[in-house]
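Down below is the structure, laid out as structure tokens.
As written, the chain order gives the labels A, B, C, D, E and F, with residue 1 at the start of each chain.
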Amino acid sequence: MSLRSRLEAGETLFTAWSGVPDALTVEIIAGQGFDAVALDMQHGGHHEDSVLRGIVPILNARKHAIVRIPVGRFDMASRALDFGAEAVIAPMINSVADARAFAASMKYPPLGERSWGPTYAFPRHGQGDFAAWLAESNKRTLAFAMIETRAAIDALDGILETPGIDGVFVGPSDLSIAWTRGKTVNTALEDMMEAIADIARRAQQANKLRAIFVVDPRMAGRYTKMGFQLFATASEPMLIARGAESILSAARQSLSAK
Amino acid sequence: MSLRSRLEAGETLFTAWSGVPDALTVEIIAGQGFDAVALDMQHGGHHEDSVLRGIVPILNARKHAIVRIPVGRFDMASRALDFGAEAVIAPMINSVADARAFAASMKYPPLGERSWGPTYAFPRHGQGDFAAWLAESNKRTLAFAMIETRAAIDALDGILETPGIDGVFVGPSDLSIAWTRGKTVNTALEDMMEAIADIARRAQQANKLRAIFVVDPRMAGRYTKMGFQLFATASEPMLIARGAESILSAARQSLSAK
Amino acid sequence: MSLRSRLEAGETLFTAWSGVPDALTVEIIAGQGFDAVALDMQHGGHHEDSVLRGIVPILNARKHAIVRIPVGRFDMASRALDFGAEAVIAPMINSVADARAFAASMKYPPLGERSWGPTYAFPRHGQGDFAAWLAESNKRTLAFAMIETRAAIDALDGILETPGIDGVFVGPSDLSIAWTRGKTVNTALEDMMEAIADIARRAQQANKLRAIFVVDPRMAGRYTKMGFQLFATASEPMLIARGAESILSAARQSLSAK
Amino acid sequence: MSLRSRLEAGETLFTAWSGVPDALTVEIIAGQGFDAVALDMQHGGHHEDSVLRGIVPILNARKHAIVRIPVGRFDMASRALDFGAEAVIAPMINSVADARAFAASMKYPPLGERSWGPTYAFPRHGQGDFAAWLAESNKRTLAFAMIETRAAIDALDGILETPGIDGVFVGPSDLSIAWTRGKTVNTALEDMMEAIADIARRAQQANKLRAIFVVDPRMAGRYTKMGFQLFATASEPMLIARGAESILSAARQSLSAK
Amino acid sequence: MSLRSRLEAGETLFTAWSGVPDALTVEIIAGQGFDAVALDMQHGGHHEDSVLRGIVPILNARKHAIVRIPVGRFDMASRALDFGAEAVIAPMINSVADARAFAASMKYPPLGERSWGPTYAFPRHGQGDFAAWLAESNKRTLAFAMIETRAAIDALDGILETPGIDGVFVGPSDLSIAWTRGKTVNTALEDMMEAIADIARRAQQANKLRAIFVVDPRMAGRYTKMGFQLFATASEPMLIARGAESILSAARQSLSAK
Amino acid sequence: MSLRSRLEAGETLFTAWSGVPDALTVEIIAGQGFDAVALDMQHGGHHEDSVLRGIVPILNARKHAIVRIPVGRFDMASRALDFGAEAVIAPMINSVADARAFAASMKYPPLGERSWGPTYAFPRHGQGDFAAWLAESNKRTLAFAMIETRAAIDALDGILETPGIDGVFVGPSDLSIAWTRGKTVNTALEDMMEAIADIARRAQQANKLRAIFVVDPRMAGRYTKMGFQLFATASEPMLIARGAESILSAARQSLSAK
């Protein structure tokens, strides 16, 4: 079942967020209870090679493969799809022009300008023939525009109307920097919450998907009420730090218990 | 302060256990609250290249670098030291002959037969001159013999007497297979505990260091009473699984709490 | 003998088309009967590192090294030349502005704006001195503009007139999508053939080189009559699938023959 | 269905033979019509890292993963299984002592001395619990002893009787060198055929599996009559050379046909 | 002490210039007497992965980590900082628009538009908290604009006034090509020296840092009088060629001395 | 011309000594004035993958490719030859048994037990057919036994008589440790010189090649008088340290010169 189908069917989904460009680390993450794994090429360490190789264990674990590209690297949006990704997240979509450029790289003509060449994606997903693949691709693959600046909020309606944009993805860290005009970074900023809720509301009205990064996983409940459906969380440093604390505190407790 | 000094001073230490052959993953683990990181070449995926590269972030984090070699690969024991490791764990040291071969690879003459060539280790530790390095190396680097079969227990006194063997490292999974003659694998096997305690006791009497793998970190307390000082735990799958459960359960709880 | 000299002398040449970013795979391909090997960074998996390393076995086999860059990644066109490539293919050159940007990245001043730094290329080709290398580089290295959209065909004359553009490279898959306005992908589309022939004709009139991707190698004869000189074919999946079919069918036939 | 089950059920199976240590190349091969892919660490370029990573695309393609270890590297036999391989081929098993050492590394106690630690294999195969995995492992994983010298033929009955040896794998190139006492290398040597048939016959009588490398795939029929069940063939150079010849000859024919 | 502090305090500093994308080679260079190591992504072979990994040994050696990005790849300027670089050098800053785009990628709002996500940089530098890191980052990290064309010289005052540009970095090879309108490449071109001095002078007046590449290290003295403070030199080919000549000539002299 | 021919013709040859497992670093070294490049797997960082890839630039530079294997890793001696190396150096050949095991891995039957499979070597050297390759291989490839302990000196005559051993390679660092019974490491130890000369003398009498590692290149002259022909020197740390000193001292002199 595709990521789009599941989200449109109303499921609440969680994606892990990988920044270590290594397929074996991705494999371990893909084996956990997440619905998807996102490979981060913006702030994480993923690159062309690690995305190409990292998608295999995600698909082998029957999870959805998502890629976040670096700012403005729409050449890579096309490549991520060619490598077998199901969704691409583009950071800093701050204007309708940004949205159009992103959509162009994500969708085959006439909707966009994506070039043909699913060398890896086609055998990895192993279905149909080339013509069928072309016919369904624009629908099956998802373009998430990151909304994380005041400019983006101002341009939101235009971004949402851009053909080929399938959803929004809120980046609350950057939004908090924008919100405080560079004063701080704080995803829990209370006076930013209404703006976040408004993004979800307008996206839902425009019939677009809603995703957000949750630094604190306990925020998922509040965001879900706003209309968010897909939650990104759990980078390797988060996962490993929590795991280490859990193991070491159990061990140290047993020491002092003696 | 060296690993030997800390253990001889009576500290209880924890080493993480890395099986993902990637220096960036090792870097994240080295940033957690462990005292050391062990790179596992036997059951883990580490290999020559990943050990050579993985030791750098461990040293950069001011942690002790440990390597477990594959069964019988004593060529690699020497290489691990040449790359900058402070301790090497050799699996399946089942006889005095095994212990001698291991010690020979770990110690410079006349104690052993280790060949000279600290190409990487010397600049990585950045101290003294070549002659000084030679003089102190046999003391500074630690050879841990794994005791994990009935044969090893039978040969234990001879192993402990072998010059150049600095300590024992108990492998409770394999020991449980040996204990049950292949019936099961169970590190919590109650009737194996006395044998484990006896290994620690005899090692302590022989003035050798005592280390053990703890599958369940809560066992550390019990083992410490037996005389164990160094606990190995926390492979990537353990760390990431615990981290993922913690994050996902927090997130899902917040969903249902709405 | 340079690729330019051979093409200008009227030779018909074949380049393999590598999408596996691994120098050993490239080495095996370079050992076959192709005249050149193209490393594909657009739909294939090649990236900076694999191009840098993959060019060595191509040169060692005395073949021409070609690189296809991702859409709009003209920074990489310069880098491919710095790494020792002899020709660069740029996809989606749809306007004179695209052609100018591509040419600027490929040619040293005053023809273009390529920056100096042939760190790898110079020792790899091992000839002359820096001043001689500068003097001959603009002539020796080839810029192929991909013509694969209706916009590109409309702008063709301007593209052909752009100083620094050495030839055209037709992408028949994308052209077929453009031709059918997204209805299908079919390089054998009969009513597209005249357009393809026209591209070759106009390029030849403008004294520019003509190259094309042949999905079905039997098309080479027809294309050569149109004026095409350089044929790209034979990606790893094509090569390996044909090889596997040949071996398995021989083996299976021998089984049933028993 | 396991490789053992299929072979015991009388299927004739083909394994490709990969020598390029790159998971993407393995992925393409695993997508062809072979039943299995063997990763060659003896004469091929595979190593610890490439085996660890290369098994994933094989399993993802639902094929059997086989590893050939270097001569005498039984530490790697255990590791290959820990990484998820289903069968291991050991070259130069020339005596009962060789066979015993190989079997010891492949089977858990009490049959052998394999050490516990299926860190990668367990999640990759994703079935049962640890105790169940232990119970079935010795049966599920296959140890193939290569018979390729006169000494091995002399010791064949003892090798076949060694507990833990599941089958023989004939290496006809080395056998031909042995056969001619170093005069030549020729897998088609007619006067060696009876010896090869005899190996199959004795293995079958001992209820052991029979595999062989076929340089010329058309030999499969003849070998199958001798009792061989599993045929290794199709290394990357073979696959790519056949593919290149097929593509280039089709293209060149079309040129001259004009 | 930060690179900025040292330069502002009047120190003359030397950075090595790495073009081999391998962390172990970087490690050896970082162990020499340079103050910093620059990883070159424009003409050198460095790429996302090698920068991410190469910064660790530089920091471990307590040196400053610098990255030169490819032309126009401002996405990578942000990433280099996220990976822990202290300074970024951008080639071909030929206009105020170029300078603004570069500065935007280097500085957090409100000064620039850099996105938040110091996943690697934060633990690698290991200081403060997120808010403190945000507050100091724009000051601590340095943006060097390369001045290497006539257009850049014409636009110099505007470039120097661009908020977020911390200094200039002169590329004398390209400048000499520009200077001679493509006639030659010669960093010792006497009639270019006044222009270079003028760049330093104007930068100093604008209170900006001055850096330059020195092909011939003996030029450092002359440049330092012009006001340059940071000298880039010593790529791997330079280092290794000088080293090889020194070793081989010593050896060969000893041969003939016999 | 083969390494053997040149040495037998009386040439004095120099090999660089690479310990950085990266083909690009090897490529730069291979471009210098050495006659050969040795890839060190014992104390250096080379491993299967880096040897397989590193031989290509050495051959491309028309230099001799040499590999030093780890202690006792004779499986790797065969593999190095299969990958295209022309000579293998085995450390710690301390007895006739060691020499026999090494020779067995280096030579095809009937001289040794090397297994057939020159998958990479054959196309890399590109000559003859398989039968011709087999016929000439034992002569063309060179087995150098390292003599670096008192035991080795005691067993020297037997080692020299072992069929398949082509020469000796003296390791003066280890020999100095042996000589002083672990007191120090000092390749210039005067009272060890006669022993070294004696090794050369006896090797020459036995018609075997003589090689030695020179830590101080000025020793070459003295060693050449003893009969040594092949000198190993110039690891990356040596090359880069000398290069850095040369560049930095030139630069710093120019600063103060003013």
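The criterion applied here is as follows: contacts are C-beta pairs under 8 Å (C-beta built on N, C-alpha and C of every residue); 3 or more make two chains touch, one makes a residue touch a chain.
Quantities reported herein were computed from a predicted structural model and do not represent experimental measurements.
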| item | value |
| --- | --- |
| Far-end chain from chain E, centres as C-alpha averages | D |
| Chain whose Cα centroid lies at the greatest distance from that of chain B | C |
| Inter-chain centre distance, chain C versus chain E - centres from mean C-alpha coordinates, in Å | 34 |
| Chain A-chain F separation of Cα centroids, rounded to whole Å | 52 |
| Residue list for chain B, restricted to those that touch at least two other chains | 21, 24, 28, 31, 45, 47-49, 52, 123, 237 |
| Topology of the chain contact graph, where touching chains are joined (line, ring, star, complete, other) | other |
| Pairs of chains, among all present, that meet the touch criterion | A-B, A-C, A-D, A-E, B-D, B-E, B-F, C-D, C-E, C-F, D-F, E-F |
| In the complex, chain B residues that touch chain D | 19, 21, 41-45, 47-50, 70-73, 91-92, 148-149, 171, 173-174, 177-178, 181-182, 184-186, 235, 237 |
| Parts of chain A lying in touch with chain B, wherever the complex brings them together | 12, 14, 16, 20-22, 24-25, 28-29, 31-34, 45, 214, 217-222, 224-225, 231, 233-234, 236-248, 250-258 |
| Of chain A, residues touching chain C in the complex | 47-49, 52, 74-76, 78-79, 82-83, 105, 108-111, 113, 115-120, 123, 130-131, 134 |
| Chain F - residues contacting chain C, complex | 23-24, 27-28, 31, 52-53, 56-57, 59-60, 123 |
